[in-house]
Each structure stands twice: as C-alpha cells, then as structure tokens.
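Heads up, the thing below is written out as structure tokens.
As written, the chain order gives the labels A, B, C, D, E and F, with residue 1 at the start of each chain.
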Amino acid sequence: MPIVQIDLLEGRTIAEKRLLVEKVTQAIIESIGAPAESVSIIIRDMLKENFAKSGTLAMDK
Amino acid sequence: MPIVQIDLLEGRTIAEKRLLVEKVTQAIIESIGAPAESVSIIIRDMLKENFAKSGTLAMDK
Amino acid sequence: MPIVQIDLLEGRTIAEKRLLVEKVTQAIIESIGAPAESVSIIIRDMLKENFAKSGTLAMDK
Amino acid sequence: MPIVQIDLLEGRTIAEKRLLVEKVTQAIIESIGAPAESVSIIIRDMLKENFAKSGTLAMDK
Amino acid sequence: MPIVQIDLLEGRTIAEKRLLVEKVTQAIIESIGAPAESVSIIIRDMLKENFAKSGTLAMDK
Amino acid sequence: MPIVQIDLLEGRTIAEKRLLVEKVTQAIIESIGAPAESVSIIIRDMLKENFAKSGTLAMDK
C-alpha cells in the first residue's frame, strides 16, 4: 500500500513523468518488496510562485 | 478539527464535488461525533498525467 | 483512485476509526461513483501538542 | 529540514505570496532555530470549488 | 482558511512548538490578511529514520 | 526541489528504509535529472488501524 506524493517544480514533460513513475515504482519494489500493483504515485506540479527555499520564491531566483 | 484531503482524478463536476463534501462531512459527524463546523475538506484534482498505479500513468491506461 | 488523508486529534478508538473508514468510503461511492476498491484512506493521529488553531496549541485550550 | 505546506484559497497575488514565504520562514527561524536554507515552503492554491467547511464548498458561501 | 502542515525532525520541545504556531500564525495574518481564527496548523514529528536528503537518512548523518 | 512523501504500513526495518531512500532518490535523478542534494524524502509509518482500502482497515484484513 505505499502511497507516494511527489512535488516537482513545473516544466516536466509527460515523457519525464512517465519515466519517473516507472523508476520510482521499481525502486519501491526492489527496496521493500511491495507488489507493483500496490504502489500509487501522485505528482504535484508546483508553479514557481508556489515554492520557496530560504524564504525566497523559486520565481525570484 | 478533522482535516480531510481528497485527491481525485480530474473530470468531476461541481455538482459531484458539492455532494462529495456534504456526504463526507456527514460521514465524519456520524462516525466520530465531530461537529460539522470543525470539518475542513480540501479536494485536489489530479491530471491524468499526474497519477500512476503499478508504475503506469493514468493517461496511459 | 480517490486517495483520502484524514488528520484527527488523538484519542479515537479503533471502533470509531472502523466506522469512519466505512462511512467515508460509502460517502465517496455515493457521491462520485468511484468503486469501493479504488478508495484508499490514510488516518493520521495528531497529538494535542501538534495541532493549533488561531495560533494556540490544542493542548493549551 | 522543516518542510511546510500551505493550502490557501485562490486569489493571492505574487506580492502576497512573496511576503508570506519571507515571514513564515522568519517565524520558523525565530521559534525553533532552524537555519533559513533548511526551510522549504510549498504553497497550494485551492479553487473555491475545492475547499469546504461544514460540508459546504467555499464557492457556495 | 489557510491550512498549514509542518514536518519537523523529532526533538522539538512543547515550548518550541507553542512559539512556532504563534509566530507562523502571526506571519500569515501579517502577509495575507487572513483572520487568526481561520489558520489551522498541523505539526508532524519525523523520526530521524524517516527523513532523507540526498538519498541518506537523517539518522545516518 | 523534488519533495517526496511516502506512506507505508508499519513494520519496515531501518535497513529497508535506508535502501528505499537510496533507490527512490536514484530513480528521481535518473528520470528527471534533479541533483541528488535537491531531493527530500519523508517516510510516514502507518499503523494498521490507520489505513483502509475498500472501506476496511488494514488491521481487519
């Protein structure tokens, strides 16, 4: 039942997301032995105005 | 103070969301006795390119 | 594929949680027509030192 | 390593978000002594059809 | 209706958490003008075996 | 800046978690080209009384 949430800065292509969920699912199978069909992944695209590090928005860097 | 987050695949109508929050709030009141005004619900719409099961994006199924 | 996360203040019994997930799942089925087996629910127990409203911890109220 | 997620109703300007992340980061530094560069903040904009209190969508209030 | 979730490494005292929620709530009021009573904050304590940066658990650093 | 949250049923060993964060971080690097030091992972252990599928708690299966 692993449920994975991944927040990414906007701009990823569908091809990158497709590869991401394949590889992350594989990583979970290999490390903890969860069956593939039990792995759910939610990707969240963050606008650059919606992420900050050190108190500064990503859009201002 | 129950705080509920619900991730749904895109495509739900406002009428469906209206019914969803009514019924989920009612379910919480009836099961744990929380007062209605203490229940907050956040709905998150997931694009089909942003959800995967078994390592495959929902858009590829 | 609805994925539900519910944050609750500590102190709920297992019987209450059992009822909660039954009723919330039913509410989702009835409102948006999702099949029962697609509904995942995560409950998170919050210590009273870990929830605040209006800037005051629940333990101080 | 504090990781902060803030859900807000839609409609905040970039200037407000810029101020929000500055001030929340400062609040964390002052209260728990975390270094600024360790603080990550994710803002999530909620549509008014995606937030409910007391079983009623924000768009219906 | 701002809903804030803060993940922190374990070890914070109640006094630090009390100050944290006071100051973060104040930061939100000052930056976006939300009323104090609308601000909910959830703190999540992370065990050092449950947080990783650069692929390494915090307990191994 | 990928921020990953992984909810797992309780019972994973530290060795499994160590492998999990190594492999998931590697999967993200390989798929989207994010630098290792930008990847944060939060693991959340779920009690079997705190996860449900199809309306039934994991502890009752």
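Criterion: contacts are C-beta pairs under 8 Å (C-beta built on N, C-alpha and C of every residue); 3 or more make two chains touch, one makes a residue touch a chain.
Treat the numbers as computed from the prediction; the structure is a model and nothing was measured.
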Chain-touch separation of chain A and chain E, in steps, is 2
The angle in degrees, nearest 5, through which chain A must rotate for its Cα atoms to match chain D is 120
When centres are defined as mean Cα positions, the distance from chain A to chain C in whole Å is 24
Per the C-alpha centroid definition, the whole-Å distance linking chain E and chain F comes out as 20
Shared-interface residues of chain F (touching two or more other chains) are 1, 3, 7, 22, 24, 26, 40, 42, 44, 46, 51, 53
Contact graph of the chains (line, ring, star, complete, other): other
Pairwise touch list, complete, is A-B, A-C, A-D, A-F, B-C, B-D, B-E, C-E, C-F, D-E, D-F, E-F
Touching chain F in the complex, chain D uses residues 1, 3, 40, 42
In their shared complex, chain B is touched by residues of chain D numbered 7, 44, 46, 49-57, 59-60
Within their complex, chain A touches chain F through residues 1-9, 12, 16, 19-20, 22-24, 26-28, 30-32, 46, 51, 53, 58
Given the complex, residues on chain B that touch chain D span 14, 17-18, 21-22, 24-26, 36-37, 39-45
